[in-house]
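Next come two complexes, and both contain chain A; in the first it sits with chain B, in the second with chain C.
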Partner chain A sequence: MRIWNLGRRLHHGGRVARALFSSQYALMLEYRAETALWALSGLLPFIMLGIWSQLAVPPAGLEPGHGAEAGGIGLDQLQLSRYFLCAFVARQFSVAWVVYAFEEDALQGRLSPYLLQPLQPLWRYVAAHLAEQVTRLPFVVLIAAVFFLLQPAVLWIPSPGRIVATVLAIWLAFTINFLLQSCIAILCFWSERASALERLLFIPYLFLSGLVAPLEVFPPALRAAAHWTPFPYMVAFPAQLLAGQPVPIAASFAAMVGWISLLLPITLLLWRAGVRRYSAMGA
Partner chain B sequence: MAIIRAEALSKTYRVADKQPGLAGTLRHFVQRRHRDVAAVKGVSFTIEAGEMVGFLGPNGAGKTTTLKMLSGLIHPSGGSAEVAGYLPQRRQADFLRQITLVMGQKQQLIWDLPPLDSLRVNAAVYGLDDATARRRIAELADMLELGEELTRPVRKLSLGQRMKAELLAALLHQPAVLFLDEPTLGLDINAQARVRAFLADYNRRHGATVLLTSHYLADITALCPRVLLIHEGGLFHDGSLRELSSRLAPCRLVRLELEEPRPAADFVSYGEVEACDGRDVRLLVERERLTEVVARLLATLEVRDLEVSDPPIEELIGRLFRQGAVA
Partner chain C sequence: MATPGRTAAARTGLLRYWRTLKRFWGSALASQMEYQVNLLIEVVAMAGNLAGSLLLLWLIYGRGQQLGGWSLEEALVVLGIYTLLDGVSSTLLRPNLGAIVTQVQQGTLDFVLLKPIDSQFWLSTRTLSPWGLPEIVTGLALAIGAALRAGARPGVATILGGALMLLSSVVILYSLWFVLATTSIWFVKTWNVTEVLRAALSAGRYPISAFPAGLRTLFTVVLPVAFLTTVPAEAILGRASSHWLLLSVAVAVAALLFSRWFWRLALRDYTSASS
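Right after this comes the complex of A and B.
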């Protein structure tokens, strides 16, 4: 009986997921030009690559650059290029914007009908993010292809195991990012402009995630401190994994699961307290 | 058996109290002040399954807040509510499957996609299999006279078509209780009539309970044998429109068409002269004196036509809301 119920719930969940995803994907395709622009706006890692290349250790046999003379950053040009390309890919598929969408829905009163359906409203935002990621995919492939055309030496084929591990890492990174933003989004129930709080997280995210610099360039103490935050797991870890660089895989996955285990109950508790306060703004 | 029960239901909002101008802004920044606003004050009523009840009241009277509490969207500050055997604010899935809340001008349909896409999501969320969903969509679309509009993006639909599509989406799971907040707001007269006819038909076919608010009294008179009149957060009347009319106006309206014009002063002894325009006279006469006054009028004046009616309910309610004084 219990197994039959579980089967029925899984079947129901599958149908809801398919319906939500297909409608959100159709919506994202309507906004494909905007999605392409968002993908292009994530080119920061390539800009940082240009800057950090000046400090890179040259591969063996090549002329040393300024970086070698200055002590370098522990990565050669090839590793650096691969790292930032992978950081770009990791960022593209782990980005979350739930706080902005949720805030707008709450202020415009669109949240009310969602709250009156037998489905946790956050699932709609999960579906919207996943649909947006699928819409982004061709643009990301195109940008990566252009990068390889410009720098053919950077081209490499990761092992199937690394690819699977990277997909999992990016998915977990997205989950952390989504939950972190959801916690802030839920503060809309208390403060109508919760997105302002999200901006507080942006600077630590930018620096500690490995988006502007590989964590190797940070002083050891700061690097160690960064690993006590969720940020390095959002970009740096999946990027290093995909780039084939040495990284503590098991410990990093464990840390990601730990962060999710911490953020998930916080999100649910905040949600429960928040909806009690909800006064159906704008509705 | 009562399907909706409200017992001393009340809701108080805490709102920021800020004075205008720079000084007010700075004072508010340094020392934030709030005050409590009672939107609903201890409202009690019950509604039987299958009833269609109109919810009347001026803007800010507490109608929408009451609907939001009954649908579980907001928590009451005091009292209790029970709908279909559930506490609404718990928003249990089994409760949500039995209700719907439609708010005019607010939409649940995805703006850039055809309504059918949103309907597919709703069908999945409410656990309807494909065949049932198709059958219900066809039935409701037929009742609402919707066809190819369901495959056009919502943004391309007229307000009336959009409202009908919203109703379809809100009723796809065949709820037993409908909370409708201004479902005809902004619609033209034809569209209003179609929505009204649809709601009456839906109630007849499915025995659904309907609690309806509307600024258009025609909606209420056409659909609701019973009305709840809420005023300044409290329940002022619970009964038929006719009873409400008697309560608000202990007078009846007598229209006279005379053979010869007469001055207003000639009618003062009959009742309150509401209008005197030559041969056309309108008098408000106390109900107890009506027979005697009509007999006197016919005996003493040359009357071409005489008509007795209740004063228009819109006028009576409007007067009540303007006066603000409620017995």
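Right after this comes the complex of A and C.
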């Protein structure tokens, strides 16, 4: 009897998920031009690749045999290019913008009907993000293709195991990003300017995630400190996985799961406290 | 040759714009003072961004390498100018030009066009967010301090050249923003073009010679990042050649004229949101 009930609930959940996803996907298709622009605005890793690849070139006067070590960053030209390309991909599919969507919904009073529905409203945003990632896919493939056309030597085929691990790592990275942002978004219940906090959160993310510099160039103490934050797992770890660089796989996955199991209860507790405080805007 | 009557008319015209500007900014300041928490957030954000950029420079220079042949102090001049321009963006450009999109979406642009004042002037100067000012001051201080440590000697020519180059870079930055904001007349939903611009301009944190040849050309010819930070830095360091100075002024004038022409072109195609 109970098992039958569970089966029915799972079936119901599946139907809700499918309906949510397909409606959000249809919505996102309307905004394809915007999505393309968002994809373009993530080109920072390529700019940083330009900087670091100039540094990887051994300074004049040293014989080329010194190679990467003369450049002193422990990565050669090819590894650098692959790393930053993968960092770009990891960033593209782990972006979260729930703060902005939530703030707009809360300020315009759209949140009230969502709260009445028998569905945790955060799921709606999860579906929107996943749908947006699907619409992003063609643009990311296009940008990567242009990159390979310009630098054919960089082309490589990751092993199937690494690909599966990367997909999983990027999903976990997205989950961490989404939960971190949701915590800030829920602060909208208390303050109208929660999105300003998101700007502050972005700064350590930018410099510690591996988006502007591969973590290998950090001094060991700083690198160790960075690994006590969730940020290196959000870009650097999936990027290194995909680029085929040596990386502690099990430990990194464990750390990601750890962060998620810390952030998830906090998000839910904040949510419950926030909804209790909520008095609708414009109502 | 202007007749005396026309000069007087031009003077009262300019005076009118000046008075309007003072009104605009006075009321903007008064309303922004309601949100003083923003000052704290902006200062913390600036400190964080500067600390991150310094960390990155330290990673590079700490291992005895140089960005495109620039010493650390010289690279700091570039970073200072970048910070200054970022401050200008958050003080003037983002609050004003970001609003153009909303005006188009909600149809309130019609009211602006009906006002007896130049519409580009109104849209570009209507409001001001004082919270970018700490960034402007810090950026300027960093640029000047680093230039002095790099051994620049502040002569009259250097100061004038540096000021002129900073002015051109602000004008170029403004024109880029304005042209992108103008495109919203045709494609209503493109406010995040400015995000693309911001991402591309972040290349301006580093001297242009730190990039490989292809990107260097791109950032000089297609997207004038070189004129935004590198050329002013060279001028402040007192080593800019006169033809780069002239070129920079020419680019600034051309960019401003283009933004004006582009705005007129857009208005010709403008059909109000409600009709």
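Everything that follows uses one rule, which is that the second predicted complex is superposed on the first by the 268 of 283 C-alpha atoms of A that agree within 3 Å, B and C clash if a C-alpha of one lies under 4 Å from a C-alpha of the other, contacts with A are read in each partner's own complex, and residues count from 1 in each chain.
The rule we apply is simple: a contact is a pair of C-beta atoms (placed from the backbone, for glycine too) under 8 Å apart; a residue touches a chain by one contact, two chains touch by 3 or more.
Just so you know, these numbers come straight off a predicted model, no measurement behind them.
Colleague: For the combined arrangement obtained by superposing on chain A, do chain B and chain C clash, or do they fit?
Modeller: By the criteria stated at the top, chain C and chain B fit after superposition, with no clash.
Colleague: In the superposed arrangement, which partner chain does A:Ala255 touch: chain B (first), chain C (second), both, or neither?
Modeller: Neither partner.
Colleague: May I ask you to decide whether A:Arg18 touches chain B, chain C, both, or neither, giving the answer as first, second, both or neither?
Modeller: first
Colleague: Output check: A:Leu116 vs chain B and chain C. Expected answer is one of first, second, both, neither. What do you get?
Modeller: Only chain B; A:Leu116 stays clear of chain C.
Colleague: Of the two partner chains, chain B (first) and chain C (second), which one does A:Ala226 touch, if any: first, second, both, or neither?
Modeller: In the superposition, A:Ala226 touches no partner, neither chain B nor chain C.
Colleague: Considering only touches as defined above, state whether A:Phe207 meets chain B (first), chain C (second), both or neither.
Modeller: second
Colleague: Just checking: does A:Arg193 make contact with chain B only, chain C only, both, or neither of them? Give me first, second, both or neither.
Modeller: second
Colleague: Quick check for you: in the superposed arrangement, does A:Leu40 touch first (chain B), second (chain C), both or neither?
Modeller: second
Colleague: Between chain B and chain C, once the two complexes are placed on the common chain, what is the minimum CA to CA distance in Å?
Modeller: Closest C-alpha pair between chain B and chain C: 5 Å.
Colleague: Can you list the residues of chain A that touch chain B in one structure and chain C in the other?
Modeller: After superposing on chain A, chain A residues 31 contact both chain B and chain C.
Colleague: What does chain A use to touch chain C in their complex?
Modeller: The touching residues are 31, 33-34, 37-38, 40-44, 47, 50-51, 53-55, 59, 71-73, 193, 196-197, 199-200, 203-204, 206-207, 212-213, 217-219.
Colleague: Note which residues of chain C are touching chain A in the complex, please.
Modeller: 35, 37-38, 41, 44-45, 48-49, 52, 55-56, 59-60, 62-65, 67-68, 187, 189-190, 192-193, 195-196, 198-200, 202-203, 206, 210-212, 215
Colleague: Considering only the defined contacts, which chain A positions touch chain B in the complex?
Modeller: Residues 12, 15-16, 18-20, 22-23, 26-27, 30-31, 109-110, 112-119, 275-276, 278-280, 283 of chain A touch chain B in their complex.
Colleague: Residues of chain B touching chain A in their complex?
Modeller: Going through chain B, the ones touching chain A are 13, 68, 71-75, 89, 91, 93, 96-97, 99-101, 103, 106-108, 110, 112-113, 117-118, 120-127.
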